[in-house]
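Letters are used for the chains, namely A, B and C, taken in the order the chains are written, and counting of residues starts over at 1 for each.
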Amino acid sequence: MDRQLIARRLPRCPARQFVLWLLPWTALLAFGLYAAGLCLVKGLNQTNMDNRFAFGLWIFLDLTVIALGAGAFFTGFLVYILKLKELSAVIYSAVVIGFVCYSGAVAVLLVDVGQPLRAWFTFWYPNVHSMLTEVTFCITCYLTVLFIEYLPIILKNRKLRQVPSFLVFEFQLHKLIYVLAGAGTFLSFFHQGSLGGLYGVLRGRPFAFREGFAIWPSTFFLFIISAVAVGPAFILLTTWLVSKISQRRLVKPQVLDLLGRISGLLLSVYVLAKTVDTLIWINRTSPGSGFPAWQYYSWNPFGTWILFAEIVVFGLIPALILLIPRLRRRTGWLVSAALMACLGVALNRFVLTVQTLALPTLGFDQFVSYRPSWQETGTFLAVVAYGVLVYSFSFRYLQLFPQERALEAAPAAEAEPVEEEPVLVGRYSL
Amino acid sequence: MIGSLVFLGAFYAVLAVVAATVACAAIRSRRALAAQQVDEIRWHETFHELPPSERQCRHVATGEFRYRECPHAFDCRICETHTRLVARKPLILRDTPQEEIFGMSFPLDRFYHRGHTWVRPEPDGTVTIGLDELGRRVLSSPDRVELPPAGAGLRVNGTAWRVHQRNADVRLLSPVEGQVVEVGGPDWVLRVKPADGCPDLRHLLTPEEVRPWLLREMERLQLALSPAAAPTLADGGVLVDDIAANYPEADWDAVCGELFLQG
Amino acid sequence: MTRYGMSIDIDRCTGCGACMVACAVENNIPPAPEGAGDRKGITWIRVFQVNNGEDGSNRKSAFVPVLCQQCGHETPCVSVCPQQAVRVDPQTGIVGQMPERCLGCRYCMAACPYHARYFNWWDPVWPPGMEKTLNPAVAPRMRGVVEKCNFCHGRWHAAKERAAAQNRREIDPGDYLPACVEACPTGAIRFGDLNDRASVPARDARQDGSFRLLEKLGTDPKIHYHSRQGWVRQIASAPSGKEKARG
């Protein structure tokens, strides 16, 4: 029925089946929009956030989703600037995922603030000392860049590219894609870092406060490293998931292997840096503020297990799995390790957003707990549903995986053929 | 103060760069549209979306390479390797006026394009263009044919004419550059006045290359028609006249896409 | 140039809460809506009850009023606000909040270690008749913005006007007192100019047994607390972690 909109020779499920797939996600989106609408209309009292827990599920979600969406800029950097051509198999998918992650995060942020209509104040009265100003500027700029990178992918749609101006514009824009990739990398470097800096500069929260280099606390750099480490892992995970759901082979196994290797390497660097940072924090920074570090872990349920889980279980272990070729070759290990890496980063963001606020600062303070209300959860689920819907449409109507057709044409995965000099054989020898 | 300048300066610089990039792309697009490069760009995009197995150099068919992806989008006029190989290879003149392959006749008084169109130089300096026998049997019962008007310009690998059959919408690739003089002849589709007096036909297949090329094309067609079945042409046999009627369940869009290099 | 501060004598505080009520009345704090609990209500000044952790006859408790500490050095909330809606007034040293510019991002609330900042989770609604209790000198805040103690800045302006009417440039020190200071029955809260060595808070700050909350964070707060009891001074430092398994 919609065959004309789908690229030639890319089999996709019948339209009816597609609609059936969309229905539950659309319902979830509708429910989530209702929940978000309540928060916008009635006020943030609809949430379970309060004066002690000023940030809750949404900020945790924002930070995690932006870290996972780092695959977009990092893959772009690797493909267009470092010319790692193998990863061009996933770059379009990465851009769509990045777009979905960032637009979802911005949407949630607009619901999270008390006065969304005043969002432009940050641009008009910027406070250059505040990490949040940096985040705001960078993320809005980067969302624009992502949209501009998404545009050619949309314009390549089979029906849309029939329009000559769209075809030509897409072609010309793609010739300059490396500029956008460079801008994206620059912006991402800063906002991934600033999101870490948000917490690292908080003198009033010694649990989160870190020393650093110039105006940038160590969490600035740690967030960047963890984001670039988990970006490829998330791309790996989503590619595998989409491949499973659509029952299609989308990329050559070497691509997933390469993503795993990059992720493993960067994850190891991150674990090392994080360990050093944690040791400095425990032994110098935190006591310097008058807060002995062991004391943070004396509150249930946040015992030292959380530190161990973050750095070792969901950090070191997936890093090692991804670095061992024998394990990496097995899809089960590869995907599990990627999932654990993503969970590790989510845990890190959780610790910094939720645990920081739960811990008391004043001597007569209490440890407080927080559980999101259904409106908050609904809004979070709306973002997930939005992401799935946008990606589903993109997967069906746009060519996200350039290798898909090649894998269709030549199913036997042979070794990469090598070009040679002409062999003067046969009827054409002198 | 310095901090403000650096911070805001950096952002506005990045924004300016991004805006300039988009503007540059827009301006270049306008120029490309004005210079009528649409066909060229369309072919470039289509070519790069073909899987590597369909982008093989013509010299793979004739055995000079085992594997080579064409770096010039099948435009052998600008290819140094092709020139070098052609210079080395002696011309074997064939006596037979045509090739018979699987019951199809391929006259050798013309040059064949990999998209299954052919070009025949005429005595009056024009060239005629048509669809080869294999293409004719695939597009045997078109629902609609759109021919370009007289005076229309053609570019190499641009759209010569369009055929609609079942769910397929095929833009047949033009083998030459020039201006359409006449349409709808007895055994040709378009008569074209070439852009240069003596047209450069180096990118087209020579008579010697026709047989190996067609062998591979038949394999590809067989796979496209019924992907589950293995090629069964090795035992000889003749291709039916109306392929479409014999494969009613085939995805005609995909088959034509494969054969006519539609991407 | 003045640097207004306070000294609070914990040994004198009875925990009556008059300061909290006076503050709410002076600053047009809206009545707490249904569902506003301990953690969602707005209390610019808040009295905490603390104890020494012992049981039975050894148990001692005290009351500690906590309000915005008007941090002077690397003020946490000022440096983090993305649109400069908070600033330290150079004339008075008071950390002032601009509700009209506040976006409601609550970053300042995360930054403040004293939990002195409060968010308007609801639209402010005064039941019919209660609007008569509104103080015309103070603007109420809208939903979705952060607010906090500003040493009843409106009263400083009023004192300035009175001084100007009498052709004086400087205000009379006794003419400007925040509501909580005025209301405290035991005189536990004292207010004055810390730059004036003779003022009460400046003198109290120099006494033995004077301390500030979370000194080691280096925020240079302008609220000086005083107690002769050692365990009270202990509590002003970081949480010792003695209270386990809470939460």
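Methods note: a residue touches a chain if its C-beta (ideal position, glycine included) is under 8 Å from a C-beta of that chain, and two chains touch if they have at least 3 such contacts.
Here the structure is a predicted model, which is why all the values come from computation and not from measurement.
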Centre-most chain [mean C-alpha coordinates]: A
Chains linked by the largest number of contacting C-beta pairs: A-C
Gap in Å, rounded to a whole number, between the CA centres of chain C and chain A: 41
Euclidean distance of C-alpha centroids - chain B vs chain C, Å: 79
Where chain A touches two or more other chains at once, by residue number: 126, 129, 133
For the chain A and chain C complex, residues of the former touching the latter: 43-45, 50-55, 112-115, 118-119, 121-122, 124-127, 129-133, 136, 198, 201-206, 288-292, 294-295, 298-301, 356-358, 360-369
Chain A - residues contacting chain B, complex: 3-4, 8-9, 126, 128-129, 133-134, 137-138, 141, 144-145, 148, 156, 161, 164-165, 167-169, 171-173, 175-176, 179-180, 183, 186-187, 399, 402, 405-406, 408-410, 417-420, 422-428, 430
In the complex, chain C residues that touch chain A: 33, 35-37, 39-41, 48-50, 64, 66, 74, 76, 79-85, 101-107, 109-115, 117-123, 142-146, 213-219, 234-241, 243-247
In the complex, chain B residues that touch chain A: 3-4, 7-8, 11, 14-15, 17-18, 21-22, 24-26, 28-29, 32-33, 37-38, 41-42, 44-45, 49-54, 59, 62-69, 81, 85, 88-90, 92, 167, 208, 253-254, 257-258, 262-263
